[in-house]
Amino acid sequence: MARAAIVGAAGYTGAELIRLALGHPHMHLVAVTSAADAGRPVADLYPGLAGCGLVFEEPSPDRIAAVADVVFLAVPHTAAMPLVPALLDAGLLVVDLSADFRLQDPAVFERWYDAQHSAPGLLPQAVYGLPELWRDGLPGARLIACPGCYPTATLLAAAPAVRAGLVADPHVVVDAKSGVSGAGRTPSAGTHFVAVNESIAAYKAAAHRHTPEMEQGLARCGLEEPVVTFVPHLTPMTRGLLATVYLRCEDGVALADAHAAYVDAYAGEPFVTVHPPGRMPSTREVAGSNRAHLGLAFDERASTLIVTCAIDNLGKGASGQAVQCANVALGYEETAGLDSPAPVV
Amino acid sequence: MARAAIVGAAGYTGAELIRLALGHPHMHLVAVTSAADAGRPVADLYPGLAGCGLVFEEPSPDRIAAVADVVFLAVPHTAAMPLVPALLDAGLLVVDLSADFRLQDPAVFERWYDAQHSAPGLLPQAVYGLPELWRDGLPGARLIACPGCYPTATLLAAAPAVRAGLVADPHVVVDAKSGVSGAGRTPSAGTHFVAVNESIAAYKAAAHRHTPEMEQGLARCGLEEPVVTFVPHLTPMTRGLLATVYLRCEDGVALADAHAAYVDAYAGEPFVTVHPPGRMPSTREVAGSNRAHLGLAFDERASTLIVTCAIDNLGKGASGQAVQCANVALGYEETAGLDSPAPVV
Amino acid sequence: MARAAIVGAAGYTGAELIRLALGHPHMHLVAVTSAADAGRPVADLYPGLAGCGLVFEEPSPDRIAAVADVVFLAVPHTAAMPLVPALLDAGLLVVDLSADFRLQDPAVFERWYDAQHSAPGLLPQAVYGLPELWRDGLPGARLIACPGCYPTATLLAAAPAVRAGLVADPHVVVDAKSGVSGAGRTPSAGTHFVAVNESIAAYKAAAHRHTPEMEQGLARCGLEEPVVTFVPHLTPMTRGLLATVYLRCEDGVALADAHAAYVDAYAGEPFVTVHPPGRMPSTREVAGSNRAHLGLAFDERASTLIVTCAIDNLGKGASGQAVQCANVALGYEETAGLDSPAPVV
Amino acid sequence: MARAAIVGAAGYTGAELIRLALGHPHMHLVAVTSAADAGRPVADLYPGLAGCGLVFEEPSPDRIAAVADVVFLAVPHTAAMPLVPALLDAGLLVVDLSADFRLQDPAVFERWYDAQHSAPGLLPQAVYGLPELWRDGLPGARLIACPGCYPTATLLAAAPAVRAGLVADPHVVVDAKSGVSGAGRTPSAGTHFVAVNESIAAYKAAAHRHTPEMEQGLARCGLEEPVVTFVPHLTPMTRGLLATVYLRCEDGVALADAHAAYVDAYAGEPFVTVHPPGRMPSTREVAGSNRAHLGLAFDERASTLIVTCAIDNLGKGASGQAVQCANVALGYEETAGLDSPAPVV
């Protein structure tokens, strides 16, 4: 039984972590922190968690280090890096959902995030937590950098084709669509119901911070000097993320080959489903779960493979994957706490 | 371990029953039937259940009687009654989600449902399955009539006040709002996205078949000759049901008294939360769960108590409650398979 | 041609007034003000108004008095009353969309709005602007108090029955459902997409400030000492308001009688449609328009008439009705600028 | 004053045509036909059109030829071609919203639509109705082929860059998102509220029939042998269409150059707005209108121009554009009947 703490627990990913930890057979939640909501019962903010009895407390690394074995950091970028060294020193497994330890090259971090990295010395030991692609580094890891929601879907969509050597062009187009919960809980003009309901729009086109993380992952899969043109879109739904990935392929590649590569790559993966050729996943079918569903089509006239990957941005795109990584790191069965099917509609 | 079968498993309530049974520690799913979809994998219709390996089969009472201990009937009204006698004879626990055994008086059934009852002799042994109000009859029951979604929310909202003797007027107004999943999976002009999105409307005002079931329940709570004016509204959301109940009270009743009666009535109930006075529940907070959340307000100028009850129409309003009832009937802990919190947003 | 100004033009009702004034054959927009957004082009906030060339300016009663013939005040309660005296003195027609001049009795205003009235001397000349019920006072009026959105729908729903003497009980239940635009443009936890999407909840039950306005209107229709139990609900849609009104009737009243009274009351009204008995309106059918659609049902067992009235909260519930009132006051055809049908879906 | 008829008037595009014709200063609606709904008042299906007094009639080319000057064909592909010859012979202006006369090469039509063309001899005189790009052919035209919704947005997004010689690669990626009204009024599993609400998914990836129409248009703009990889997505909203177009550009192109080309191309266009660089349009801002809003971004690392174009699929994507084309063909001002701003939210 691992004693778990969640820092930044009042946000959507934090609250989803609470939910998952409460239902986890090998985790016991010992602390949930929120600077803004310290002292308030969790059920006040999330009435669906009525009965859990938890109260948000002030974030205190010392206290967390004293009571927990594993800590989830559900905080914005630059807020995790000052906390991590002490937590690691105290012997905790640190599962960081922020962007702080995702990029191996601190210069790339500094360029895209416009901030200095305060703990670059820890980057080499940070394990990028996308088990289906890089499971090997996770058992026994002490610092896990959970991928961003968009890179998760994109890399799951692109990796098998790249690894199978099907991709001919280092320029990859990623057109992604996210539900509004991805924008966080803080009210703003951009998350007002009236502003986003019944409307779709691109944002941060070719300027989103998840871009270098996608490129780092593609390079690691073997694509040379990848360049990702990434355009996210805010979509009128609460949860869900769909990445539509366009991969220009070598001549002679056919849909059947590509499909076989994906089926093969994800054989035995408990959270990944590859649909039959031509059938595309919806975000609905993965909402509330840690699943990733993939669909493939092929434009023969342009030798372009189209892969869509549907995940729940708060599930496989954040909190679910964080728990999955912690499971692997701690030696639990990988699906522990994550295997209840989500509501069917 | 109970072997469970679901008849009518391809509809929304049926599929939600599949999901709940898959996660139930004491149930093993042995058969899921659908006349229309026999032969198709469940995951074809509900990709979120990918990996369950189940295939819809033709409904066959004989086969079900041979392999199952408990059967859930998720079928339309009049479709359950011909199946029940043989299933009972075979010794199964029958949990009926249709309307067929909810009304104790077959004449009332025939008037409201415009159909003859084929098994009126079984009505006396049918136990109305609303555990928070009438738990006593459930242990050892053989035929459970699960309440309709609207009566569930309405009776949970009204019963404590009636039982406490606060209600002065047998005329009760129930204004309810339901998500579109309550209309079932069959496509129609009325469930087309464009027809119901961004719109709310009343339907079957003062003519909905759940009316006599509400009146039967109120009478059982002690309200003499109750008359319910019931107006349901189709609301632009997938899940969720809110009943707003207006109860004219005896002079001198105050909000604090009423609130105390509710807190008392539901003390210890694992699935019911009574909010502090004046705080009203949203359907979001119970979506995906078997919970019922209640809020109270009081109009002193009209001596009228207002109670709103939020449930998930597919959860506490149907499949969740059916599992809860089966748990009590079979002697399992009442929350078995129902205690994972639902997604937080 | 009337020169029109809009104060508070950056809010939703203000912007809708801009749109209506731009399309109005007899109005010319000379000033749109917003303290918060002064200096910004209107099209920045409302890109659908691209091409209008308008820029928000600082609110200045002097300037407005100098350039306009009619002024629309789309401001919160208590913000209109200090502006009105000078604007009236300058000879303008003042169309006030705030609550400040709706209640004839300043004591009632002060009780419900928890604020002192600074211009009670003007209340007697304020004309309550609901033309279908009280058109007579409008021609030549100088100060028009536009009804609240909820009272508009409620009074249109209840007035014909009250006036026809059908209603037996002064206690009227009003259960209303509003889209989120009714909550205004300021971002808050309560208007965050994730908070209100896929969810319905009551708010301010039996405590909403529109209650006394409903009672004042019912009394004016002839109901003695009316008491309204009013419960509004926030509904997951951008626009639209549905009032479901429950009227206990005299013995012997039948649906056909009631329906005839409504058809008669609204004969010739250009913006009101009374549906055939039993057919209930949806908010979709009036979205984007100045229309009010009514449906009737009758619960014979409780002698209760149920009337639902669907309006667009920003149309007939606010800006549309304000323009309609101005048309009557100024002697234009009542439908001027309001007669384009709204988008069909 | 032109006498107008609408064939297929009960569908969404047909009904939107009714609405636009009713508000048109130079059109008088003489016939609206629907084989399925003949005899029913229009207001029965579209209560927002209450008061128009129109009744659907059986489609009869003879009668239409006798009473109308212009006819809009809002019918599925292959349903227009048998009607057109007689209507042209009778001297009517035929505005065809189906796909039948969009593709100049009947072999391409037959390959993509899997149907024989019955009137290939009329193709040379069919004028492709996208005024902003090809206005010249419209005055005096007798047969107008209105573009599909996706090609409208795509071509408006791509044409200025192509015409300015900025585009280096004939392979264009078009990732588009459409509201559910684009799927038509017929209920199906795929348009059930529960199926599409809170979910986004690709469909007909690289297989949608609008693909060759995009390629034909790009070629006409000067792109040699264009190949479009087109992936549409069904988006949980009623109206709206967003095309995100990826154009690989010549070396040395910069965002400022591209933006200038767009501003120049659409200078003076009443229905097109080009946002400042980096600002992307939402579908909300054009909902209910005939407008197209464009936004540009540039990925310098991949020399890729990203253009998003937001339209209303029923407005500029169908009925609005049809009226715009008819205006030009008939010599009316181009904005007649189309210039009221749409509801602001």
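Every chain is named by a letter (A, B, C and D) in the order it is written, and numbering of its residues begins at 1.
In this section, a contact is a pair of C-beta atoms (placed from the backbone, for glycine too) under 8 Å apart; a residue touches a chain by one contact, two chains touch by 3 or more.
All of these numbers come straight from a predicted model, not from anything done at the bench.
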| item | value |
| --- | --- |
| Selected pair, greater C-beta contact count between A-B and A-C | A-B |
| Taking each chain's C-alpha mean as its centre, the one farthest from chain B | D |
| Distance from the mean Cα position of chain C to that of chain A, given in whole angstrom | 46 |
| Inter-centroid spacing, chain B versus chain A (mean Cα positions, whole Å) | 36 |
| Residues of chain B engaged with two or more neighbouring chains | 12, 181, 194-195, 197-198, 236-239, 281-282, 284-285, 287, 345 |
| Footprint of chain A on chain B - complex, ascending | 12, 15-16, 18-19, 22-23, 46-52, 181, 198, 238-239, 270, 273, 275, 281-282, 284-289, 291, 293, 314, 339-345 |
| Of chain B, residues touching chain C in the complex | 171, 173, 175, 177, 179, 194-195, 197-203, 205-207, 227, 229, 231, 233, 235-240, 242, 244, 246, 248, 278, 280-285, 287, 295, 297-299, 301-302, 304, 306, 308, 310, 345 |
| Chain D residues within the chain B interface of the complex | 12, 180-181, 185, 187-189, 191-198, 236-238 |
